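Structures incoming, each one as structure tokens.
In what follows, subunit A forms one complex with subunit B and a second complex with subunit C.
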Partner chain A sequence: MRVPAATGYLLWIPPRAYPYPSRDPVSTSVGRNVPRKDGIPKVTGAALYVDDLRFPGMLYGRTIRSTISRGRITSIRFDFDTAGFTIVQAGDVPGDRCNYVALLEDDQPFLAAHQINHQAEPILLLAHEDRDVLNAAKVEIEYERDIPVMDAQASPVVFKEIRIRKGDVERAMETAEVIVEGTYRTGHQEHVYIETNGVIAVPEADGGMTVHGSLQCPYYVHKALKALLDLPDERVRVVQTETGGGFGGKEEYPSVIAGHAALLARKSGHPVKMVYDREEDMVATTKRHPSVIRHRTGLTRDGRLVAMDIDVLLDGGAYVTLSPVVLSRGCIHAAGPYRCEHVRTVGRAVMTNTPPNGAFRGFGAPQTQFAMEVHMERIAEALGMDPVRLRDINALRPGDTTATGQRMGDDCSALEVLRTAVERSDFHRKRAEYAGTGKGIGLSLFYHGSGFTGSGEVHLKSKVALEAREDGVRVLVASAEIGQGTRTMLAQIAADALGVPYEEVEPVQPDTAQVPDSGPTVASRTCMVVGGILQKCAQEMREKIGMMTPQEYARLHGPLLVTRQYEKPHDITWNDTEYTGDAYATYGWGCDVAEVELDPVTYEVRPLRVTVVHEIGKAIHPLLVEGQIEGGTAQGVGWALNEHVVMRDGAMANAQLTNYTIPTTLDTPRLDVVILENPSSYGPFGAKGVGEMPIDGPAPAVINAIRHLGLDVRDIPAIPEAVMEVACASR
Partner chain B sequence: MRFTLNGAPAEVEAPPMKRLLDVLREECALTGSKEGCGEGECGACTVLVDGMPVVSCLVPFAQVRDAEVVTIEGLGGTHPLQKAFAELGGAQCGICTPGMIMAAVALGPDPGFEEIRRGLAGNLCRCTGYEAIYRAVQGASA
Partner chain C sequence: MDLLEPRSLDDALGMLRQHAPLMPLAGCTDVFVALQFGTETARRFLNIWGLDELRGIDVRDGVLRMGALATYTELGRSPLVWEHLPMLVAASREVGGMQIQNRGTLGGNIANGSPAGDSLPVLAAADAVVVLRSLDGERRVPFTEFYTGYRATVIRPDELIVAVEVPPVEGAQWFRKVGTRAAQAISKVVMAGVRAPRPRIALGSVAATVVRLPQTENALAAGSTLEEAQRVLRQEIHPIDDVRSTAAYRLRVAANLLGQFWAETG
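Entry: the complex of A and B
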């Protein structure tokens, strides 16, 4: 028996068939659900994750962490027999400058020497061959405490400020007939990849270091290890093992754990495995930035946006990590997919004495679009207007400009996703039908820029290589398979661009000794940007090999390697200082409709169904796309309703899956996904980014559905206690 | 200690209180069963003991004396559920997959939708939003 198909593919373009081999790009695998490259090993248990690997002579590593939020270390005492242990402290790191995790700012030490800036900050490292002996070791650390900064709104340290200015907000606001204001808050969110962070560092005979690990960005770790160990490029090797989920949580953090394992491996001369248990992973690693976002919006009485004044505050935690970039994407998306001539967005990412926050799917855009979409719903309420109509009037259309002044092309699909979702979910009928019952329905309209922001891709200079060999074609990229289907999708693009069967193309395991730096696996860039460069490699290879198959060519002439670098499309311009121009080459568009039910006794909000319409350019592999959309939507619903990080004294107090609950089958609504295709000229086969957008929409749609029940919820997570408080206050 | 492992008699020396999960992964070199939490919450370590799904991170080794233990490796790679999970998007990152498939095996043939939903409620998946898993479980008995 099969489930009735929940998914509709509209605007479906049937694959074109070309004779093989051919100089023309063929389309025999793109658009089809070819078998996943990693499918069989994953369903048989044969796929090897880092904790499945063992090396001869391997030790286990452990991190001793601070138990205060701010202060200085005054003494360290080892309450165990140190024989047989390897112990690393800050003083063991080669030079002063080396003890910083190389990323954007040199502010986060691998190991705290004196100063402590957050709970669970790493202070020293232990390794031992016996895990039980290792875990039994007790270290007493005494501190002199300082008063920590816990409230982002009162933080004296600003990591980054961003200003976006379009038109003249103050003057325009004076002409507005209606002004609506509001403040919206979102909490931390923990990634909860089911495989925790883990690495194995293996010291090499030549003084080099190899790290095998669960990670998204091999070259980020490579860069961090070179700086830490003071080694040249070729002496550091980073190999990505099968990775059990990332969602941004294995973007920058693996540099820290890899550094720790490498320090222990270097000192002991043995391979060292470090795999966090769930509690350590939750307490010590990065989370989604909490936000406080204020809106002041001027409108005409008939619902046209006149002026938008937006203030974005992100809690960065104790160190900078990627906060400036998260803030940047957040601010660019803050005005939502709407046209307005006068927009001012001021964003700040600030320091608090809590563990650093970092990359998480959506990267700031879910926070700011949550605020925007809940605010839109309140505007509709204030105007007494249908929420669909308000969005319809103001949605970006081709020819309109965003807050950064980017002019929308024909691949702008805000209206299409809105209208499709409204129709598909039968929004208006249900809206009327649910009124006064315990059910509610709400929607959200959103968009998501594909690839790095602004000139990010230019600075990255990503490289991709394709190799023709006697046994087939190899894709050489640093892009990691973390479940999203990278290997499959890239093989499809290469196969079709080259005109060879999908089965003959194999991406190699990301290993810095083998693959070029094609940039990090983040920002919904792997398909559009890396895939785009790969497509060019394949086209160049086809030029070179003529009518031969790659295998025939390799047999005659030896292996052929084609390497290409990112080239900026000439018609894209971005001004980094003014924050104006084309923030992204293209955008995906989405509309979610959520239906919920409120338990009048427990105040638990049960999500029943989410209709999800995404326009993503071209679905290279519809099944994988659908998987990204469904998974991201569930994660967004969890962020809205279930996932509550309780911070006590600056540390996560509920660091267990028992207490921090992600959606189970019973908490996840049924998902009805519709994929629309409106090709972008910048992506391979018209593809845009997919991975992140699904998490932008669910939270505001769910909260707007709760609003339909008459509850003025503006903050997430809307856990029962919070909903009850709102319900009681409004009595 | 003797027990049956994936259909064959097994004799393994390990401390009786050692977690079954560790015995399988470390003594028996069967690394298909995964650890996601170590506290019985995620189901990544699910195996069958005498046909019932258990979270092997909470089971002391002593408890499987003379019992029949089946892990993902015991399905041999040709089980309809394995095929359906691979083909229908039931496995993304794959870390929950072995446990999820074992829990699905325990549902028996041709389970109804609500049976699937309840039967898999102890297995967390962060990647799929579960829809593809439902499709796979239902597709396996199609």
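Entry: the complex of A and C
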């Protein structure tokens, strides 16, 4: 059902029930809810995850980890019979330079040799054919302890600093009629993908190494293994097995576990399986960066933004990993979807002696937009102004510029999502009606850049290939299906661009021996960037095969392989040193309206309903898009209200699903999802990114709804214990 | 690991006498978790899940008798429990999720002895009696005397919990669990109350064992105001901080729950 809205936008409201897709031949699949490519195997249990795989002679691997936050190893003692065990220590890594996880900085060792920088840091590896014997082995490690850095605000080590400047903030601030300041904090968040991190490393006869694993970025793992094992490209092979979720948690971490399994496999000469249990996965792997964000904002009395001064602090944990890039996206989104001529954002990612924080859906933007949107609510309060109106007059419009000076095109939809969400949720009526009832309503306005930040896509030079064969068309990309629908969506794009039925297009399993490097499966880039290159491959193939079908062409001329590489659109410019220009080719736009109820006995905040309006250019597969939006919204509500990583002595103390409580269905509000389509000229069929944006909005909308109840909450998670503190202090 | 499979209750009691110590298991909803976390020290188990003699819910002479193997699902659906002990119906419906409710048993919740056990405040407030049996015969232990410390009970290595008996409960019954989320949660504070001339109040997750609050009960029985009773309650319990909540929260919410109980049963 498509209803053209008065704005000229396409308004797509998900129907309650989805008709089973028609089997009749149709010319297009884009925009239709075709059956997902991985649906039947997953529902029937035929899909093979890494723990389902066995190889002859396979051993099990285990990681022995530090139990202190900072210090030096003074002794290691094996309190078990080492016969039958393979043991790997830092000294077994080929060369000194090899013992670093290749990513941005060479600072994170695969195995700590002497220095310990965080709890659960890998020190040595064991492998054995019997998992019970392996788990019973005891290793005693003694340490000389140093005082760890636990407070990011007191950290002496800055991994990365970013400065964004527009106009003259100090002078403009002097002209402001009203100044509002505030500090906002967000906590760690654990990904809780349904399948934990796991790999199997298989040593090859030629000295090479093959790794099968649950991962998002086959070529990141490929790069890390080449450096670790000192092997050339072709001797390392990485195969993505069916993957049970990622959310960024399988972006950089799989390089570590793959390296460990490969070290054990190389030393033992046997395949080695390593699959973390939930507790190890939670304690040892990455989390969302905690943040402390300060705002100082100058305004006119009638609510126009005059100057914005923003300070962003991210806790990177012990090693650099991806923190500089997370900080970059965070800072670029820190001023929100608003127009202001004078903006200064200073961001730092700093070291603490805690396990490294890393990629998590949204990648810094949820933290900074949480702060921005809660701050906007406080500004509205300070001005005595309607929070919708404050956002309406300041929202970016086509022709306006962002903090980096990027000029907005016609696909800028801030006002449309705001107005649609306000109308659809009946915001103003409820705002008045809920006053004094124990219910509250609040909103958030946000945007999310699609694809890698700045020149990221230019550096990546992603390649995509499409192959016509006698049995159909194959899509060759390194983009991983991790539950989000990559295989389905890419097949739809290729099928329509090529003019063949969806059923005849099959993406192959990502395997570095087979597929080109189309970059990592991250940053809301798979549909827009990889899908865009794929569309060009298909158009080129179509020109080559003329009136024939791909199968007919292949029968006559043999298989046809078309490979294309990312090409930067000419009208996009970015300055990496000044942090100015087009930070992203395009943006998705969102507005969330949250309705909550406070239990005065328990201080629990129950989210009742969230109205979610997203403008994403084009919904290639509306049902999958809706799934991403619902899932991301629930995850955002969890981050706001439930999900509390309890850190004790630098380690997660509640590393169980019983005690780290993600929302159940009963904790998840009713979700009313509206998808708007305002096509971008850069994405296939007008599509923009969608995977991350849904988690940007729910937390500030929920916290602003709590503010409507009269509670001045500025930090998340707003667990009942924290809400109680605020409620009792304000009495 | 050993698993003994008795065919009858006598068979089971014989095995307990002969091969003690054995860890009885039924629904395994706690045992499996402890084994997975490596915190379970027992290596020899007695599977009593098939012993139908330990099932069944009935009422004799006004006394509600629930077999040790009554599951939460059975308790939540039993007309007798609805009639005699509705607060146990409420508690049963908030234990874990449906799968746990299908497997978890009342006897298991008692034997496991977690201070956060959801059915335990109900049994404490109801003045329940635990029926223990060994080859030497049966003995009845008041539930309020059953625990001797954190996860420690009066149960002997050769005894099994066979049933729980609840004498008639006069007055309105009340139950509320405050968990870490809306479902599939462990209690941060859990209260059961009976509004009788001498009120009975029990709390979970605020001490090493489930506790009754005799001083608070006395205050209410003597006609204290609610505010006075809440003050007594705050003196009477000494909860702690842990990964699930804080002492301050537990103390305040326990007092708030008393207020809600009093308001809703008044």
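Note that the second predicted complex is superposed on the first by the 704 of 731 C-alpha atoms of A that agree within 3 Å, B and C clash if a C-alpha of one lies under 4 Å from a C-alpha of the other, contacts with A are read in each partner's own complex, and residues count from 1 in each chain.
The definition used in the following text is that contacts are C-beta pairs under 8 Å (C-beta built on N, C-alpha and C of every residue); 3 or more make two chains touch, one makes a residue touch a chain.
Note that the structure is a prediction, hence the values are computed from the model and not measured.
Colleague: Between subunit B (first) and subunit C (second), which, if any, makes contact with A:Asp315: first, second, both or neither?
Modeller: After superposition on chain A, A:Asp315 lies in contact with neither partner.
Colleague: So, A:Phe247: does it touch subunit B (first), subunit C (second), both, or neither?
Modeller: It touches subunit B, and subunit C stays clear.
Colleague: After superposition on the shared chain, which partner residues are touched by A:Glu677: those of subunit B (first), subunit C (second), both, or neither?
Modeller: neither
Colleague: Please tell me which partner, subunit B or subunit C, touches more residues of subunit A.
Modeller: The partner that reaches more residues of subunit A in the superposed model: B.
Colleague: Taking the superposition as given, does A:Asp496 touch the first partner, subunit B, the second, subunit C, both, or neither?
Modeller: After superposing on A, A:Asp496 lies clear of both subunit B and subunit C.
Colleague: For A:Glu280, decide between first (touching subunit B), second (touching subunit C), both and neither.
Modeller: neither
Colleague: In the overlaid three-chain picture, which partner chain does A:Val601 touch, first (subunit B) or second (subunit C), both, or neither?
Modeller: In the superposed model, A:Val601 contacts subunit C only, not subunit B.
Colleague: Check whether A:Glu377 is in contact with subunit B, with subunit C, with both or with neither, and answer first, second, both or neither.
Modeller: neither
Colleague: With the two complexes superposed on chain A, say which partner A:Cys728 touches: subunit B (first), subunit C (second), both, or neither.
Modeller: second
Colleague: Quick one: is A:Asp400 in contact with subunit B, with subunit C, with both, or with neither? Answer first, second, both or neither.
Modeller: A:Asp400: touches no partner chain.
Colleague: Jot down the residues of subunit A that show up as touching in both complexes, subunit B in one and subunit C in the other.
Modeller: Touching subunit B and subunit C on subunit A: residues 277, 656, 658, 664-666.
Colleague: If we count contacts the way the header does, which residues on subunit A are in touch with subunit C in the complex?
Modeller: Touching subunit C: residues 277, 279, 600-604, 606, 642, 646, 653-654, 656, 658-659, 661, 663-667, 720-721, 724, 728 of subunit A.
Colleague: Inside the complex, what are the residues of subunit A that reach subunit B?
Modeller: That would be residues 1-3, 6, 35-36, 38-49, 51-52, 191-196, 242-247, 277-278, 482-485, 623-624, 626-627, 630-635, 656-658, 662, 664-666, 668, 670-671, 673 of subunit A.
Colleague: Looking at the complex, which residues from subunit B come into contact with subunit A?
Modeller: So the residues of subunit B in touch with subunit A come to 25, 30-39, 41-42, 44, 71-73, 75, 77, 81-83, 85-98, 101, 110, 113, 116-118, 120-135, 138-139, 141-142.
Colleague: Which stretch or stretches of subunit C touch subunit A in the complex?
Modeller: Per the stated touch rule, the residues are 33, 36-37, 97, 178, 180-186, 243-246, 248-249, 252-253, 256-257, 259-260.
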